[in-house]
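We call the chains A, B and C, going by the order they appear; numbering starts again at 1 in every chain.
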């Protein structure tokens, strides 16, 4: 192992050791430059993040000043008249994400429990690998599959069937377009499942073995062990995993834009077309012709940023509470 | 409940969760299957070597989109890699109390920002001042996504380097910067490259931030300060168009994209196998 | 290899900035963006023009007329394109004077997806009421009255409109405003309106794609998009009372009246035009260029292209079902192109 780590280091000559190796001040020019570069990088990252917030705030100021809180609760989106209410997008984002959670959470938690606790050990690596590959599929590819496979399936099979059986509910009324909130929710569910599954799995794996052993020692079956010892202990982490999935769903753009129908209206039915905050940005940003229009769109971007940051922040706290921090770089 | 009953419940739940796992894996197989089935027919040498044809004409390829994507990924890596690695080294080695915490928090927050928001930012700070859409703007937006990923994975990888190495270097009288650059970072190199590949796999598929930055180009790029084509953009444009030939090309493009992304992810995982020390 | 990994991205970038496959010397790249309405003919033109002037490449991105107007106003592109003329307000917002240069004429058609692909006819009033959500089913009596011999299913009409800022939308709603006072009051005209009903598709391509995929849908697209996708184009009753099919001839007939009184800035509406054979939903489409060009060589290339487009280029539109510009209009445009300058000097040398 030590040999491995030294593999790239090189020989003593490469390192150009100074002739006298003892008792010199190490704050030479090289060090100062180095420290300078490091601090510059750190501050650059902070500046970029700060700049992002500033730029969004600045651009959206005109809309914030004109509409105030009305922006969040009116659903009149009229570029011609200069009236902008973002309720349909907020509604669409929330509904599609919640629908996605409803579908994804049972499946993801089930799969995570399976992988962490109940599966035979030869099954775990390949299945875990497949799930991680699912997370790597680009959004536009999901959208492509959505348009040509999922939507026709919904339009020709699922929606008519739902209308026949559950059509008395306002949730399933209206013509079966195929395109719409249901399609968006389904695609989002498929997209967030790998995230919730892998983080939940890690949370479950982080639960100390002693908990399981105690339960088993008392005569619990495998499921009972899982339920009593592991799930209860890791509960907050699992909630965190779910919130991480929510965070992803809220910000998802391309796949949703391709199947949601692009209609800025609040409708109760899942069959109806809708619009999300990310989709309206993707569709209308390059062509908003008036300053107020651009400002309103940037304000939506700012809202999206604030909401996803809050959800993700909360999620991380919860996940860390089980496994400890420094789990960076991935989900 | 009787012991037999409890065992039955346990087995049933095992079966249910197994079913859940199967359902979870299904979409991947479905999607890959469709991509292969639909896309393979459009994949030929032309597809990789030629430019897109005018509307309605059959044939042509996505050569410029593939090159465009590679260029912008290269730009993103060039911008993001040094910043990310140095930031990661800082997080791993600094003994300060507040600044590292802030940086870590900011990086994690940036990880969760929807990529379209980065696109808006890049439009405001690169496209508008430059008065044009460009590969640089696209690369910048992708770089913003790449930086937090590289930063956190670099931190993790540098932490894993045994402190004995650092101490040995310092003990030999080397200045700190040499210790970091010539000993610590090379030792963490494999892990850092892995992190970069994970980030590259992620940005290769990003479409939203490129909508307002790279714009797209039906020809070969003419310089980094000009609009440029990108594979995900081309797939999107073709997918929502009505022409069947374009649909076929969209599937083929998606197949190529997903293959690249998978290969990068796979390489990243293989590289870390056996190199991570248990904590 | 991993020791000097950074060589790879640097090499890629060097390749990117310096070398390009297929071209020995640098070509000038002109960037334009805007309407999807004329995209088929523009993409044909830009491909053909490479043979005329191999030194220049025109890169056109069809992002919708709204996008064209916005990007040319912000000067992020060299020229814009729109089929909805810019409003006085939008022109005032531009940093300098913008010209509308008409290039071709086209027709916006009502296209639909019904089993058996019947050839349907509509009146403006019926279309307005469908898009207002007042007529919801295909077998509505009013549609039946216009199409007695067609089998119309008892199915909801899936209305498809544009989700992006669109000149095609402008032409469509401009027509509906002239026909239906209720539409004018409720919705109005613009490149992006508040649609009472319907799904949104992105670009002419998106709407055509939606209509093609979903049975029972009705949308509006430029004629070329309907034909190349084998979608039907409805006949519409014009002000003279005749049911007219959208063709090159009926589009040209729509321009006849406007040609006599063409305003100097070419911002004219051709919808609901008088004339026995005129198709009521036709329009010019314009390229948006600055009167005073910021860059001399680019400006020269641009005016050269514009000159070609209104003369030799007019051979191509017919094959794609766009109507070529009427001769008197071409003369007027010639005069306008000669007014395009760089630093005060006209760019077009006497041709």
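Note that a residue touches a chain if its C-beta (ideal position, glycine included) is under 8 Å from a C-beta of that chain, and two chains touch if they have at least 3 such contacts.
All figures in this text were calculated on a predicted structure; none of them were measured in a lab.
Visitor: Counting only C-alpha atoms to place each centre, which chain is farthest from chain B?
Guide: Using the mean of the C-alpha atoms as each chain's centre, the farthest one from chain B is C.
Visitor: Specify the chain pair with the maximum number of C-beta contact pairs.
Guide: A-B
Visitor: Could you work out how far the Cα centre of chain A sits from that of chain C, in whole Å?
Guide: A distance of 38 Å separates the two centres.
Visitor: For chain A and chain B, what's the span in angstrom between their mean Cα positions?
Guide: The mean C-alpha positions of chain A and chain B differ by 15 Å.
Visitor: Give me the residue numbers in chain C that touch at least two other chains, ranges are fine.
Guide: Residue numbers touching two or more other chains: 2, 33, 201-202.
Visitor: If you look at chain B, which of its residues touch at least two other chains?
Guide: 189, 240
Visitor: Specify, in ascending order, the residues of chain A that touch 2 or more different other chains.
Guide: Touching at least two other chains: 8, 147, 286.
Visitor: In the complex of these two chains, what residues of chain C are touching chain B?
Guide: 2, 5-6, 9-10, 12-13, 16-17, 20-23, 26-29, 31, 33, 39-40, 43-44, 46-47, 57, 59-61, 74-77, 201-203, 205-206, 208-209, 212, 225, 228-229, 231, 320
Visitor: What part of chain B is in contact with chain C in the complex they form?
Guide: So the residues of chain B touching chain C come out as 53-56, 67, 70-71, 74-75, 77-78, 81, 127-128, 131-133, 135, 189-190, 193, 215-224, 226-227, 237, 240-243.
Visitor: Flag every residue of chain A that touches chain B in the complex, lowest number first.
Guide: Residue list for chain A touching chain B: 1-2, 4-10, 14-18, 20-22, 24, 26, 28, 30-31, 33-35, 37-39, 41-42, 44-46, 48-49, 51-52, 55-56, 59, 106-111, 113-115, 118-119, 127, 129-134, 136-145, 147-149, 190, 193-194, 197, 221-224, 247, 250-254, 258, 278, 281-282, 285-286, 298, 301, 304-305, 308-309, 311-313, 316, 326, 328-330.
Visitor: Given the complex with chain C, which residues does chain A contribute to the contact?
Guide: 8, 76-81, 147, 151-152, 155, 175, 177-179, 257, 261-264, 273, 283-284, 286-290
Visitor: Across the complex, what residues on chain C touch chain A?
Guide: Of all residues in chain C, those touching chain A are 2-3, 33, 63-71, 73, 90, 93, 156, 158, 163-165, 188-195, 198-202, 210, 213-214, 216.
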